[in-house]
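Take a look at the structures below.
In the two complexes below, subunit A is the common chain; its partner is subunit B in one and subunit C in the other.
Moving on, here comes the complex of A and B:
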């Protein structure tokens, strides 16, 4: 009895070791980034973040505080000088694009406006493909029409088309229709490239639902629309949620598509982060803060939807 | 309840779309009054002061110029400061975009939606030669540029790019304080430098700090040095010949340069740690060794960033007395990076931009802001920063400007060059090494 308990514990040691090790490897850089983002620039340049709490630090430089929110303020308002936004505003030497009042929060060069733009890109670009994929998935799984499997096979095959190959032709098309630099263009592009996988996942998930359920619904006189809204949508919530996470994170973290189709006209967060530093890498203290700002929302989304995550990942993996 | 969720979802979609359409209008709404508000009084003020200095070339207030460049952060702020007088005088609205991804520029150009102007590297001049508008058609003020700059910017006998920024690296950093104590003078010719080096060795000092360790790119400090020696012994045309392939890398001239370099880089008398030190000392440490107390070496050949490295490591040292630089003596040209303005459009606002940047006022502004150096000769004396002023003089006296050989030849040439010089310092056979690099040169230029 006792021996088996000890054995169990011993057996678990490697697992625990691996988990702790992985957590350590993942967490240390993130914590380092976080602490760095809260330190004043002179300290960042002279000492490592792991010495942030020791007293020796402040003696070396003229700086009096060990921690500051200046990096975050500078990142949000898009400050580009060599000092800090607060200091410049106090001395009145701020650049012409800054007003030193609340309107700076939406300065087009800052992370504040970029956050709004990112939301405007990401929310429709997440909901649209999932919405359409749910319809298509239902059709592929439960509607009987000619060429269903051929169409589905083509669609699955489309997943291999690399996004980069289509940038030039799509941009040409957008230029002719006046859609360059518009949110609509980015939504359509993300929807187009998100759908093959979304349909594939939805179809396999819906195809795995018991046939009897649908037959019962049809027997009771339910139309396809009623079945879809009353039966399929509630049942497929885990799949929809996990698709939502995937698509949201993908669009939120995307730089390439946003850069090509929106660029500097409506800068999103990824674009703005890359512009915090100069071409030679100076100004990266702002980058640390900017990176953390852009991580906030994905973390919220992930934790809010995570209970669906594992369930959803297995969606369509086994046919019932 | 289920229909409710669909309604909620579609409402969110519609709401964000509505918001987006509002946001589309928002920047326009905020931009217009801002431009007008700042423009109206400013334009009067500048016009009253200096009426003829900025030529708007027929551009009207509110005309836009889209720009794509590689600068960001403080660099972007510098550019804004430089362009501010033009924006104020003519009311031009600048729509900048910043990326370090050349693929974006290529994609935009191929899709037929290029920016009005782009600030990019010299290689893009020949890449887009069919699509670029000649500077002479855009009202450029050519008198403000040395002949060699125009030659670099000319493709198929059309002047396609305006050099706007240059950062020469043909520099030697030293400590004026140490030079004074030891009674050394700054050499003005290569022979004087050679004599100075020998004198230092005779005095029991180590003249050079040549460490070139830099991870995967170990060797770049060495190849920079080689290129500077070539600029002394052969001149800029020879270096350009290597870049376009007319001169093979195993040419006797290159070999001679390697031998001059090797004499110093492989001996403990001439450089810190001898051959082993050259290969294993990091390039940043190599800079610091000259300014440590006591100094481990007297000089380090390194580009402009070395000043920043010294300042970061020894905050108490001051530029001009504790650390300073001189141009590689006897160099018939410089090497370094340069940024070029190219135009895909000939609208009046672009003409105004070209005219402004190539004008005396534009050159002076560039120098005053201190965004590296301006090839515009009108800026030569306008630098505020002492180090930039000195570099500006070196640039003004140069008779040629060459890009880094390793960066200019595509393919694996750059890394072959790095590997080659590391092997050479480690005692490899020079002829074999140069033949290998020459093969990479031919491959890269195919």
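Moving on, here comes the complex of A and C:
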């Protein structure tokens, strides 16, 4: 290993202790959430999640099982009864908006529908800005035009403009054009705001490609357009991957934009959870299951593509 | 980025580059530039933008004319009976809280991030350790809010199901209502922010630390410097540009922060921050003029960082 001298100087044991302790502290809250989401409601409210594996609990309460998937079912269909959805469906005492068949999966109050809405918001809002940024990044990196430097400097400044600065006028614009509460409105807003950082990253990446490549392509008779589609796009895949993860996580995890432009008309996952937190009637069993459901996809994306995420972060470091 | 960088063969046509740029520029003008200017205009008008803000003044009460919304934005939270009450009310106002957020969160994330990066370099499971600290970056603020609300949970019954209060009672203490105790609650919220953003600081600082040449460290050791001296006298000065970038990025992030407060306390119990207060004025009180004035205060606080960003960009370009 590098810096072997430092290793000798520091006693290794405190080092391990510090790191493992920090890792533990960082993980415990999430583990607590996950375990709680699998416990029956009566147990959640009477015993700590850290006692979940001990036998004492089930003896003390009427609950027969230690773990259950009912919280997830309730969260997906959006059921807020005192009993679970499954129990109430068996006795036929569920609320009238539910039919106890597969159609409940898309109940507008549930996380199932919110998951679909989150996907419908996130996928176009990720692809669109990358697509536009690839064009603009190419122009900034390899095309000559008047005001190139000034425009790019403005772009760098625009990266840190707070979202809050633009909400009211955009909302007014949408109200006049009938775009409030539409997916299109959210896609366009996220695209606009993702643009400065996306172009910045693309331009820096493309600017790092060798000049000879473009000269050779041109001498072979390639037009700007051919160069762009056949050379630039394939070569910039690493940058596109970084940007894609960034934008995906950003849009998926966003609350403010979804709250202002979509609200309850097309609830996304973050909106649905924040609604459960602030309104009464949703217990910890629902909240923990819903929160974990919303974390699943970003976690998978994050761990699968961590390399690109870190790379994009190191290249840009500013977003939002 | 002078035009000398562009291959001679690429310089053809003054119009073509604008085809590549137009989509990005149009969408940024609509969604960032125009709304920003419009927000400034709205901040001088009344709540629905139909008349000057001066018309909202009440007789016999302080009035700043067209700047009336700014009077509200800056002084409404303060208790102006004496110097003492101003001081006290400032520290529970959105501005005082935002300052607390900046100081605690920036020092927490940068401090723990740097410390962890240095310690993690010395163990074999560095990648795993870093991934765990980094993981909360993939979670939404809303999800994190639920996770930590459960950790901070305060029960009136004998059994505490919140981890932190369970630990306190196990040690013989009295359970604390963390989120409704003024002053303490802001600190508890900042801890959530630190949990989320330390991974970001750590990753960037770790990359900078790895770029410090081994020879430099060896030379310092030959001169008889202790590891502590090497850290403060050699490593920190070398990576100080990165530290500054990380600090400025974090300050900007904190200034814009909205979700954690919205989900965990809704700004109640003296936890209001600037971004959250702006949302409340606009969408709870429907006071567009006041809300936009707060947004303008926010961007004024960010302008120095926009300036720094552009300066840094110009310096980088000069080195290319």
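The criterion applied here is as follows: the second predicted complex is superposed on the first by the 279 of 320 C-alpha atoms of A that agree within 3 Å, B and C clash if a C-alpha of one lies under 4 Å from a C-alpha of the other, contacts with A are read in each partner's own complex, and residues count from 1 in each chain.
Everything below uses one rule, namely that a contact is a pair of C-beta atoms (placed from the backbone, for glycine too) under 8 Å apart; a residue touches a chain by one contact, two chains touch by 3 or more.
What you see is a predicted model; the values in this text were computed from it and never measured.
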### Task
Evaluate whether subunit B and subunit C can sit on subunit A together after superposition, giving fit or clash.
clash
### Message
Which partner chains sit in contact with A:278 here, subunit B, subunit C, both or neither? Use first/second/both/neither.
### Response
both
### Task
Determine, under the contact definition given at the top, whether A:45 touches first (subunit B), second (subunit C), both, or neither.
both
### Message
If we overlay the two complexes on their shared chain A, which of subunit B and subunit C does A:35 touch? Say first, second, both or neither.
### Response
neither
### Message
Taking the superposition on A as described, I'd like to know which of subunit B and subunit C A:80 touches: first, second, both or neither.
### Response
first
### Task
With the two complexes superposed on chain A, say which partner A:15 touches: subunit B (first), subunit C (second), both, or neither.
second
### Task
For A:98, decide between first (touching subunit B), second (touching subunit C), both and neither.
neither
### Task
Could you look at A:294 and tell me whether it touches subunit B, subunit C, both or neither (first, second, both, neither)?
second
### Message
Quick check for you: in the superposed arrangement, does A:239 touch first (subunit B), second (subunit C), both or neither?
### Response
neither
### Partner touching more residues of subunit A, whether subunit B or subunit C
C
### Task
Look at A:111 in the shared chain and tell me whether it touches subunit B only, subunit C only, both, or neither; answer first, second, both or neither.
neither
### Query
Looking at subunit C, which part out of 73-81, 109-117 or 127-135 clashes with subunit B after superposition?
73-81
### Query
Following superposition on chain A, which residues of subunit A contact subunit B and also contact subunit C?
45, 167-169, 260, 274, 277-278
## Note on the structure
Note: in the complex, subunit A contacts subunit B through residues 45, 80-82, 95-97, 108-109, 116-117, 119-120, 123-124, 127-128, 131, 167-169, 171-172, 175, 180, 182-183, 229-230, 233-234, 259-260, 263-266, 271, 274-280, 282-283, 286
#### Entry: Partner subunit A, residues of subunit B touching it in the complex
2-3, 5-6, 9, 12-13, 16-17, 19-20, 23-24, 27, 38, 68, 70-77, 80-81, 84, 95-101, 104, 107-108, 110-113, 305, 312
### Task
Going by the contact rule at the top, pick out the subunit C residues touching subunit A in the complex.
1-3, 5-7, 9-11, 14, 16-18, 20-21, 23-25, 27-28, 30-36, 38-39, 42, 112, 115-116, 119-123, 129, 131-143, 145-151, 153, 159-161, 163, 166, 195, 200, 203-204, 207, 214, 217, 221, 227, 245-246, 249, 252-253, 255-256, 258-259, 262-264, 266, 275, 278-279, 282-283, 288, 291-292, 295-296, 298-299, 302, 305-306, 309-310, 313-314, 320
### subunit C-facing residues of subunit A, complex
1-3, 5-7, 9-10, 12, 15-16, 18-19, 22-23, 26-30, 32-33, 36, 44-50, 132-133, 135-136, 138-140, 142-146, 148-149, 151-153, 155-170, 173, 188-189, 191-193, 195-196, 199, 207, 211, 214-215, 218-219, 224, 228, 249, 252-256, 260, 269-270, 273-274, 277-278, 284, 287-288, 290-291, 294-295, 298-299, 301-303, 306, 310, 313-314, 317-318, 320
